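What follows is a set of structures to go through.
Each of the next two complexes has subunit A plus one other chain: subunit B in the first, subunit C in the second.
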Partner chain A sequence: MVPTEHYIILALALFGIGAYGFMSRRNLITLLMCMELMVNAVNILLVAFNRNWGLEVTRGAFMQARDVQSPIGQIMVIFSITIAVAEAGIGLGIIILLYRHLKTAEVDEVNWLKW
Partner chain B sequence: MVAWLVNHAYLIPVFPFLAFWVIALFSRQLKLYSAWVSIGSVFISLIFSLAILWIKIQPLGIERVFSWSWKFMTIGDKVYPIGIQIDNLTTVMLIVVTLVGSCIQIYSAGYMAGDEGFPRYFGFLSLFTASMLGLVLADNFLLLYICWELVGFTSYILIGFWFRKPSAAKAGKKAFLTTRTGDIGFLLGWLTLFGFTGSFALSDARIFIVNHPDMAFLWTVVALLVFWGAVGKSAQIPLHVWLPDAMEGPTPVSALIHAATMVAAGVYLVARTYFLFASTPQALLVVAYIGAFTGFFAATIGMAMHDIKRVLAYSTISQLGYMMAGLGVGGYAAGVFHLFTHAFFKALLFLGAGSVIHACHTNDMRRMGGLARRMPTTHWTFVFGTFALIGIPPFAGFFSKDEILASAFHYGKEHGHWLIFLLLLAGVFFTSFYMFRALYLTFWSKPRCSHHPHESPQVMTIPLVILAFFSLTLGFLYKAFGEFIFVSYPIPSEEAPNWLVMGLSVGMALLGFYVAYQIYGVGAWDKYLLRKRYPLLERTLRKKYFVDETYETLITNPGLHLSYVAGGFDKWVIDGIVNLMGYLGVGWSFFIGFFDKSIVDGIYNLMAWITGQLASASRRLQTGNVSNYFLTMLASIALILILMKFLFKGG
Partner chain C sequence: MLLTPEVFHFYLWGGIILVGGLGVVFSRRVIYSAFSLILSLFGVSALYVLLTAPFLAAVQVLLYIGGIAVLILFAVIVAQQKGGGILYNTQPHSPWALLVVLVLMISMGRILTSIQWPVASVEGRTMYNLQISQIIPQARGEEMLTPQTNTYVIGLSLSRTYVMIFELMSVILLVAMIGAIIYVRKEEGESGSD
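The block that comes next holds the complex of A and B.
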């Protein structure tokens, strides 16, 4: 069984790559991709932590067994993925509209609302 | 007809009063016809007065008293009536006021012709006549006092008739203030009586005084207070100073108000309230002495005057003194009779002087002379008036003045105060002297006029003739008059003619004539003799005993200074305090404004400024760069986590 530390390291690495990319890149699509990376890093952590500490969740909703592993981390990840997909859809839509208006997808130039 | 007139005699003062309002309201339309309105009203009053006289001289009519009474006011359940009453004294005064008044008003129509204030003049003359009639008709102190003040007011306004002349305005002011000084005494006197009797009526006061002889001292005080009013109105010493100055008014005004009627109101007042004076011999003695001194000293001043009207003014003061003295020594009928005759011949003299002034355009006797031939009517009537005044038999003044002298003689014999008689007798000499001096300077000497004077028109000479007629004939009524007045106030007078007094008075008059003849007639005696021998005496006379100067130093100037000081106090201290309060208010509001603007506004501005600074500092965080936001967010989360790790160990 792969130790939990590996998952954490993997997640941190993924998050670090995403964060770095989010801060250093200027293309909005790239930013969106970096965001996905960070979301997925968190998802990995959720799943990994569920395996480690999920057992302590004492009671299942529909089952009599006492020490059944709680699936709550996996469930959260399913939600998270769904939201991330919706988010990516909206984000891409916004980016496309921005591009239509501004003829650019560079994040530096989208500063209209700045004072 | 006569009965109807008498039954409605209360209307007597109403007609001139209405005339006043008609003239006052329609003077623009009436113009010269205002004289007709005024003369007509006084004529109607004259007819009423004559009707009363007619009833009175019927057999048994002499005792009749006509009276009317109206409710004046009600306080609580006490009713204060106000009324008029016509007894014999009132009848005499009515005749004087209306008869002399008619003559003078007719004369005025000629004298005032061409004056721009013609309607105004007749309006005020009507008002004066109305108030004077009200004065003599009043049966109570209230109406008497109201009319008393009204005649004073009209006198003031007519003295200052030519108010553009500063001296006339000043003379009016002086007359008003001086008589007002006296009026205060009268007011206090009758209010005291009112306080005791609780009634305005003279008859109530009379009954009360007769029933309370134990309060003699109070009655003396009240009598002297009332007399003080009479002193002011009748220009007795020491309040005589206003009458000579009152000659600034038109001459007919001087004749009517300041010779015949208003100044006699003081004498009338003493006669009317004689019950008050009769209750205290001391008050009567004061009246007699004041009258005698006035009679003497005014006559001596009259000798030194150059203004013909001033000579007559001092003569009036002197004659009023005789009347007062007559009343004071108990010659009630004599005093009133002298009032009666004097009204006629003094009015005549004033109108004559007015005629002369009208012709010569000057008041100064030194610039007249030789008018006898040019103005025969004026001359002869003036001579009649002079004879009446100095008491040459059979002119009116002889009888009335002789009665006063006889009363004074009688008084001296009984009570010992011979000084009164001597002063009055000496006054006869001076009177004769100054009147003949006036005659010589005006009519009989060589002409010194700058132009050719002419006789006045008939409208002026006819009243002169009428008055001259009365001056000649009225004296013969002395016996009937004595009986007539005796009804009004029963006080026995000297019955038999006193030949000694008569002889003395005529002798003094002739002596005065002789001296005047020697000085001004033939020039045998130097007319500057007095000035050369006794310069101080002459100066004293010419300066009227320095009374004006004394008053100026003692009363007028301190009063003026006091008012300056009061004015200064008002201006600097009172105004200063008010202004200081204003300045304090302004200063305080400046302070409040400053506080509001700097501190209160400052606090809000400071807060706004701080907010603005904070905002401009913090807006730099809003770079608009998503990466920065993200970095900040990450850093913040990391910071929070680290803090949680260190602060909350359990985390």
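The block that comes next holds the complex of A and C.
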């Protein structure tokens, strides 16, 4: 069994890659993809912790089965995937709207609210 | 650590995830970034299998790769017909971003790895490892229930304990769908030139 620390290191590396891309890239679609990378890093952490801690967190969630591992981390991941889907839909809508008005998709050329 | 198949696949798919993530960040064309994102998401799905969450692995492939990645690809394709400005990335040239990320990762890594995470006992916890016969209550002289696979447990708790989260997800998806339609819809009297 791979220890949880290795999953933590992997998730940190993936989050760092996504954060670096988010801060250094200028294309809006690439920014959206980097956000998906960061969300996936957190999801890996949630599932890895669920494997270790699931039994203790919500044992009382099940009436009959006593030794069933609680899937609270996995349910949080499902919730986060739903949020990511909604975010991708809204984000791509905004990107297409910006592109229709400004003919660009670079973040630093969108300066309507500046000054 | 012994090179068991689990360890081997962890490093294999972990490397694939990191290579895909680097491809997303450093690709010159946006379409290559999207394909690298698909590679990385598929690696995450394989890690879910290793983490004994097969339902999440299926959801990851269906929703992330089949939904989000294809949506991004469609956006790239739609924008491609209107001109080339959206298609190319400039090379990242931001040492400050690198510095911030390095500080963040080193500090978070030191914090997260210095904590002694409590490890629960392994007894009775092998349910996800396809050894269902060990945890079927009949084996302990209790009443026989439905075999508790991962999907069964997730569905049970989504409809019993965490039903509020389930309803909230539906509302969020509905609001996001209506919002996206209203965003992209053309206004009254707006010219339909593009």
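Here, the second predicted complex is superposed on the first by the 108 of 115 C-alpha atoms of A that agree within 3 Å, B and C clash if a C-alpha of one lies under 4 Å from a C-alpha of the other, contacts with A are read in each partner's own complex, and residues count from 1 in each chain.
The rule is short, and it goes like this: a residue touches a chain if its C-beta (ideal position, glycine included) is under 8 Å from a C-beta of that chain, and two chains touch if they have at least 3 such contacts.
What you see is a predicted model; the values in this text were computed from it and never measured.
**Student:** Following the superposition defined at the top, how do subunit B and subunit C come out on subunit A, clash or fit?
**Tutor:** By the criteria stated at the top, subunit C and subunit B fit after superposition, with no clash.
**Student:** Touching A:Val2, do we find subunit B (first), subunit C (second), both, or neither?
**Tutor:** Once the two structures are laid over each other on A, A:Val2 reaches subunit C alone.
**Student:** Using the touch definition from the top, say if A:Ala84 reaches subunit B (first), subunit C (second), both or neither.
**Tutor:** second
**Student:** Look at A:Leu97 in the shared chain and tell me whether it touches subunit B only, subunit C only, both, or neither; answer first, second, both or neither.
**Tutor:** A:Leu97: touches subunit C, not subunit B.
**Student:** Once the shared chain is lined up, is A:Ile75 touching subunit B (first), subunit C (second), both, or neither of them?
**Tutor:** second
**Student:** Subunit A residues in contact: does subunit B have more, or subunit C?
**Tutor:** Residues of subunit A touched, subunit B against subunit C: more for C.
**Student:** After the superposition on A, what does A:Leu31 contact: first (subunit B), second (subunit C), both or neither?
**Tutor:** first
**Student:** Just to be sure I read the superposition right, which of the two partners does A:Ala19 touch: subunit B = first, subunit C = second, or both, or neither?
**Tutor:** both
**Student:** Would you sort A:Asp108 into first (subunit B), second (subunit C), both or neither based on which partner it touches?
**Tutor:** first
**Student:** With the two complexes overlaid on chain A, what is the closest approach of subunit B to subunit C, counting only CA atoms, in Å?
**Tutor:** Result, nearest C-alpha distance in the overlay: 7 Å.
**Student:** List the residues of subunit A that touch subunit B in one complex and subunit C in the other.
**Tutor:** 19, 23-24, 26
**Student:** Contact residues on subunit A for subunit C in the complex?
**Tutor:** Contact set of subunit A toward subunit C: 1-2, 4-10, 12-21, 23-27, 29-30, 32-34, 36-37, 40, 43-44, 47-48, 50-56, 58, 61-62, 64-65, 67-72, 74-75, 77-79, 81-90, 92-97, 99-100, 103-106.
**Student:** Within their complex, state which residues of subunit B touch subunit A.
**Tutor:** 619, 622-627, 630-631, 634
**Student:** Under the definition above, what is the set of subunit C residues touching subunit A in their complex?
**Tutor:** Those residues of subunit C that touch subunit A are 6-7, 10, 14, 17-18, 21-22, 24-25, 30, 33-34, 37, 40-41, 44, 47-48, 50-53, 55-56, 59-60, 63-64, 67-68, 71-72, 75-76, 78-79, 82-83, 85-86, 88-90, 92-94, 96-98, 100-102, 104-105, 108-109, 112-113, 117-120, 124-125, 127-128, 135, 137, 143, 145, 148, 150, 153-154, 156-158, 160-162, 165, 168-169, 172-173, 175-177, 179-180, 183-184, 194.
**Student:** Which part of subunit A faces subunit B closely enough to touch in the complex?
**Tutor:** Against subunit B, subunit A makes touches at 19, 22-24, 26, 31, 107-108, 110-111, 113-115.
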